[in-house]
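Take this structure, written in C-alpha cells, and hold onto it; I'll ask about it next.
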Amino acid sequence: MQPRDTTAPPRILVINPNASRAVTDAIDAALAPLRLPGGPVLAVTDLPEGPESIATQQDADSVVLPLVRRVADDPSDAFVIACFSDPGLHAVREAARGRPVMGIAEWGILRALTLGERFGIVALSEGSVRRQRRMVRQMGVGDRYAGSRPMEARASETADAAMGPRLIAAGRALVERDGADVVVLGCAGMARHRAAVASAIGCPVIEPCQQAAAAALGAVLLQTAP
Amino acid sequence: MQPRDTTAPPRILVINPNASRAVTDAIDAALAPLRLPGGPVLAVTDLPEGPESIATQQDADSVVLPLVRRVADDPSDAFVIACFSDPGLHAVREAARGRPVMGIAEWGILRALTLGERFGIVALSEGSVRRQRRMVRQMGVGDRYAGSRPMEARASETADAAMGPRLIAAGRALVERDGADVVVLGCAGMARHRAAVASAIGCPVIEPCQQAAAAALGAVLLQTAP
Amino acid sequence: MQPRDTTAPPRILVINPNASRAVTDAIDAALAPLRLPGGPVLAVTDLPEGPESIATQQDADSVVLPLVRRVADDPSDAFVIACFSDPGLHAVREAARGRPVMGIAEWGILRALTLGERFGIVALSEGSVRRQRRMVRQMGVGDRYAGSRPMEARASETADAAMGPRLIAAGRALVERDGADVVVLGCAGMARHRAAVASAIGCPVIEPCQQAAAAALGAVLLQTAP
Amino acid sequence: MQPRDTTAPPRILVINPNASRAVTDAIDAALAPLRLPGGPVLAVTDLPEGPESIATQQDADSVVLPLVRRVADDPSDAFVIACFSDPGLHAVREAARGRPVMGIAEWGILRALTLGERFGIVALSEGSVRRQRRMVRQMGVGDRYAGSRPMEARASETADAAMGPRLIAAGRALVERDGADVVVLGCAGMARHRAAVASAIGCPVIEPCQQAAAAALGAVLLQTAP
Amino acid sequence: MQPRDTTAPPRILVINPNASRAVTDAIDAALAPLRLPGGPVLAVTDLPEGPESIATQQDADSVVLPLVRRVADDPSDAFVIACFSDPGLHAVREAARGRPVMGIAEWGILRALTLGERFGIVALSEGSVRRQRRMVRQMGVGDRYAGSRPMEARASETADAAMGPRLIAAGRALVERDGADVVVLGCAGMARHRAAVASAIGCPVIEPCQQAAAAALGAVLLQTAP
Amino acid sequence: MQPRDTTAPPRILVINPNASRAVTDAIDAALAPLRLPGGPVLAVTDLPEGPESIATQQDADSVVLPLVRRVADDPSDAFVIACFSDPGLHAVREAARGRPVMGIAEWGILRALTLGERFGIVALSEGSVRRQRRMVRQMGVGDRYAGSRPMEARASETADAAMGPRLIAAGRALVERDGADVVVLGCAGMARHRAAVASAIGCPVIEPCQQAAAAALGAVLLQTAP
C-alpha cells in the first residue's frame, strides 16, 4: 500500500462493488452534501471485477476477495462498501488494519433504529429478502425488524425514474401491512427517490449510502482526536 | 422559537443536562475534531435547571421537561442530549418537530455494534447499571450486550485524572469476565481517558458524546440533500 | 411524609395521572371487587397537575415529577400508577423507599402472559402504539407480543359508551390479523367495556387497573408475613 | 364435579403435588397473610398420588394426570399448583374450564420482573436448573434471566432450618457472579427462610407460593366484577 | 429391560403415541427409504394406552408415563416419539438412560432451519397452534418462526386423501401471509401429501417423522464410533 | 456437470476447504461408522485452492468461490462443507441447485440443541470466537448459546494428540464458568478426541463433521421417498 499524503485532508473511498456506472454516479451524487470545503474527500469508485448487478448470494460472495485486495492496497483513511448485502464486511475490516470500514446495510439499519420503533426494508428481489433476514439476525436487531418487501428489480435499474412507483408500493406495504414506521432503501443508487417515497408513505425513509458515508466522515474526523 | 439565520452554517446544540461546568468543558473539548471550517457549528451548553450529577432515575427524569422546553425554544438545527441516560429522548424528539435529536447512549451503543461482537458499558454506579439494562432492552440490542460494570463515581468526577485506573479496571472486567470486545464509556466527560483505556484493555473504546455529535453532523449535512 | 396510623388497615393509593374526573371515577368503580371488609383500603385520586389526557411522550413525562412528589409525601402502603404509559414507574419506585409501586401496563401485560400465548394491546392512538412497543421491549417480553392496534381516541373519552364498538374492532383485528389470543385494554377507565369486548372477540380481555390493584393488594398483605 | 355453595366466600385450592406433609404445612403457613375475614378461603392440600419429592422430569410429569383429575372434580373457584416445575399447568387449565389456575414458578418469576432487572432462581438441584431453563424460555422472559444455581437438596428438606445457609450461598452467587438483582426461591416450602436470605444477600427475595396464591386471590375477587 | 442381541443390527423404535392404526401405517411407509440392507432396523409401533387422537394438552400429557414405561422396558437402541407435540420428550430421555430419543417436532423444525430463513407449521387445530408456540419458544428458535396455521382436523384423519387441499391452503397462507419460506407438516402420518404440498406452494415441505427417524439413524450409527 | 450413474448408490461429497491432508484424513476416519454396505458413498476431499488453515474471516471467504465451482461441477447427490466457519454455505446452496448442502457448524449446533439446554463451542482461536458469535446469531439460536472458548490452535494441529488437554481445558471452562451442558468441537478433524473430552468434562461432546454427514445421509436417503 502506498502511503497517504498526511498533509492532505482525510480520504474516504466508497466502493460500489458492482460494475454499473449508473449506480456509481447515483451514489456519487447522493454524497454531495457530505463534502465540506477543506473537509474529508469522499471518492466513489466501481469495482471493475464486480458483476453487473448483485442479485444472488454468489454475486455477493464473488466480490469479497476483490474488495479485500482493493482495500488492502488503497491508502484511503476509511471505506464504505456500497452494496446492501454488505459483502465481505468482516473480511475487509481485517484487511483495513484498523481503518474504519462501513457497510451501507449496517448503517442504514442503525440510523433507522433512531427514527422509528420498527424498520422495514425495500428489497430488490425475493432473494435479497432472504439475505436481509440473515443479516438482520446476524446484527442482533431482529426485535426492531418489521420485514422486507421485494420490488423484483435489478440493482442496475435502481436509478431509473420508473423505480419510484415500485418503491412507493413496497414502502407502503411495509408500513400498512407489516407495521414499519421507518423504511430503509435496500439498495445503493436510489437516493433520488428517497424524498418522494417518504412523502408518499408518510414516514422517514433512509438512503443507506448517505448514512454509511456520514458515519465514515465522523470516524475519520474523530481519529484525529487525542 | 426565534428563526435561525439560514445564511449561517447549520448549528448543532449539545446539551449537558447536569449543571457540572467541568463536564460541559470536557464535552466541548472532545468535540473539537468535528468542527470544520465553514461546517456546522457545534455548541455545548449546560442545562441550568439540571442537578449537579445524574445518579438516580429521579435525577434523569427531572431534566426531561427542561430539555423539552430548551429544545422547543432553540433555533438550532439538531440536538445532542449529552447524558448517558438519554433522558427524555423521545419527548425531546416530539418537541424538536422533525429536527434530529441524538442520544449519547444510543449512538455510543450503535457505533459499538460496528466495532465488535459484544459491547460492554462502564457505568458510573450500580444504579446506572440497572438503567442501562433497561435502555439496552428498550433499544432491542440485548443480544449484543456483554453487560455493564460500575465504577461507583459521580458524573462530576468523570473528568478527573484519577478516574483513569477505575475506568481501566471496569473495562478490563468487561473484557475478561463478561466477554466484551468493545467498550462504551457510560458517561459524558470522560473523553480524555478514552485512548488510555483502549490501550490498556486491548479493544476499541467509544466516547459516546463524540459519536452522537458525529451522527448529528451527518444528519444536518444530509438534510440539505434534495 | 406523615406517618400512617398502623392500627388501621393497609392503604393502597391508585393515582390517575391525568386530570379527567370521569376516568378517575371509572377506575374507582372498577376496583370495587377488590375491597374486602377489614381488608386494605383502595383509594383512587386524580393528579391535579396532570394533563387532561396523556397522548404524547411529553404528556407522559410531564407527570413524573408530580407523581414522585405525591408518592414521597403520601403515607400509603402501596401505589398504583393508573396510566397505561406507566409514567415514571422507576423514579416513583425510588421515591417510595421500598413500598410497592405497580404500573398498570406492567401488570396488565404480566397477567396476559398467564392467559394466552400472545397478547395484543388496544391502544388509544398511533402514538401510544409506539410507546407500547418501547415498553414491551423494555420489559423483555416481546416474544409474547402480537402487537398493538390503535383506536384513535383520547383518554378522557375512554369511559364513553361509544367506545365499545371501537374497542371491539381493534380487539378483533389483534386476534384475527395479528394472532393474539389474549387482549389488554391499553388505557385506564375502560373497565365497563371489558366483558362485552371479551364476549365479542372470543378471548380473554384484561382491564389493567384491576390487575395492578390486585397485585398491590397481594403485596401489602404479604408485607405482614414474617 | 359437585357444585360449590355460592353463598359461601370463594375458595382457592392450593395443591402441593408431592406427598410431603412438611412441605404442605410450610405452604399453608406461608399463605396466612392472604386470609382475610370474610374473604376467599385458601385451602392447601397434598396430592396423595404424588412422589415424596419432585426431582426429575419424570417426577414432574407423573403428577399431571392426578392434578387434572383433582381439579376437574373439585368445586373450588381457583387453583394453585404449588411445585416450582409448574407440572401440568396447561393441561390443568384445560381441565379447569375457565377457572383460574396459577403456577408458582410462573408467578414467582412474573413478580420478580417488577422488583429488579434480572432475576435469578435458587434451584433444588442441577436437574431442576435444566427444567428451569426450559421453563424460562417457554415463558419468553429469557432476556430478564440471570440464571439458576442449584443447592442439591430434595424438596422434602426445604423446610428444614439447615437449608438457610445453602439458600444464602446460592442466592449470593446469583447476585455476585450472575448479576441477578432479585432472587426467586425455586421450590415450595421455603417461605420461612425468605426474609433471612433477602437480608443476607441484599436484594428482594420472592417466595413463589405466596405470589401465586396472591394472584389467585386477585383473580377470584375480580371474577365477581361485572 | 431385556438385553438386546448385540450381534443383530441396531434397532430404532418409532412410537406413535396415539392408537390410530392408520397413522402408524402411514408412518411406517414414510420411513421405508431409511431402511438399508444390513442397516439399523426401524420398527414402528402404536402405544395401546394412547388416545385415538392427540388434540389437547391433556391428550399429550396422558401418554407421557406410558411412553416412559415403554422406553424403559424396551431394548431398542434409539427411540422416536412420533407425535408433533413431542409428548414427554425430556422425561423419556431420562428413562432412556443415554440412548437417543428424538422428537418429531424437534427434528422437523431443526431440519427446517437448514432449508429456509423462516419456517411455518401446518397445525391440526387452533389448540395445536398454541402448543406449537410454546414449543418453539422452549426450543429457543422463535426468531426463525413465521407462525402456525390450523387445518381443524383430527390426527386420525391425517392420512386421508381429502387432507391434501386443506394442507395446501394452510401452507399457502404460511408462505403468502406469514412470510414462511419452508413449511413443516405439524402432525405424523401426512407423508403421502408432502410432495404435492411442496409443489403447490413452491417451497420445501418437511415431513417430521422422516427427519426424526433419519436423526435416530445417524445417532445409532455414530454410537459405534470410537 | 457430468451426470451421475443413477444405478450406483447415492454419493455424498465431504469437502475439507483447507489444504491440510491430516485434517482430511481425520475427517474421513470419523465418518467410517456412517458407511453402510450398499448405502450411500461418503467421499472426503481436500479443496486444493484452500489455505493451510482457516483462521481469519479472509481465509474463510477465500474458499467460497472454489467451493461454489467444485459443487457446481460435481455430480454428487449431497455435500458437506467441513469447516466450522461454514464458509459459503448459502452461495454453495445456490450452486447445488436443490441438492442438499450441509454445514458442520450448523449441524453440530442443531444436534447440540437436542442433547442439552445450553451449548458451548470449543474454538480454535479468539478470532474464531467472534465468527462463531456472528454465526450463532445468524442461525437465531443465541438463546441456547453458553459461549465459545478459544484454544489458540491452528486447524492443521487439530488432529494432534497434544490437543487433548487443551480441548478438555476449554470444554471444562464452558461447563463450569459459562453454564454449558453440551459442548461442540468447533473445528473439523478433532473426532479422535471426542470421547475423551466427554468423559473428562462429564457432558455430551459433539463432533460436527459426523453430524453434518449423518444429516446428509438422511437427506439423500429421503430424496428417494415418493
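Order as written gives the chain letters A, B, C, D, E and F; numbering starts at 1 within each chain.
Just so it is clear, contacts are C-beta pairs under 8 Å (C-beta built on N, C-alpha and C of every residue); 3 or more make two chains touch, one makes a residue touch a chain.
Note that the structure is predicted; figures quoted are calculated from it, not measured.
Separation of chain C from chain E in touch steps, taking the shortest path, is 1.
Across the two interfaces under comparison, C-D and A-C, the one joined by more C-beta contacts turns out to be C-D. On residue numbers, the A-B interface is repeated by E-F, which shares over half of its contact pairs, out of the options E-F, C-E or D-F.
Each chain gets one centre point, the mean of its Cα atoms, and the points for chain A and chain D are 52 Å apart. Between the CA-based centres of chain B and chain C the separation comes to 33 Å, rounded to the whole angstrom.
A separation of 43 Å divides the Cα centre of chain B from that of chain D.
In chain A, 134, 137, 139-140, 142-143 are the positions where the chain touches two or more neighbouring chains simultaneously.
Contact topology of the protein chains: irregular, matching none of line, ring, star or complete. Against chain D, the residues of chain E that register as touching in their complex are 56-58, 60-62, 64-65, 68, 88, 90-91, 93-95, 131, 134, 137-140, 142. Across the complex, chain E is touched by residues 30, 32-34, 36-39, 102-103, 106-107, 110-111, 113-114, 139-144, 191-192, 194-195, 210-211, 214-215, 217-219, 221-226 of chain F. Those residues of chain E lying in contact with chain C across their complex are 130, 133-134, 137, 142, 147.
Interface residues of chain F facing chain D in the complex, by the touch rule stated above, are 116-118, 143, 179, 181.
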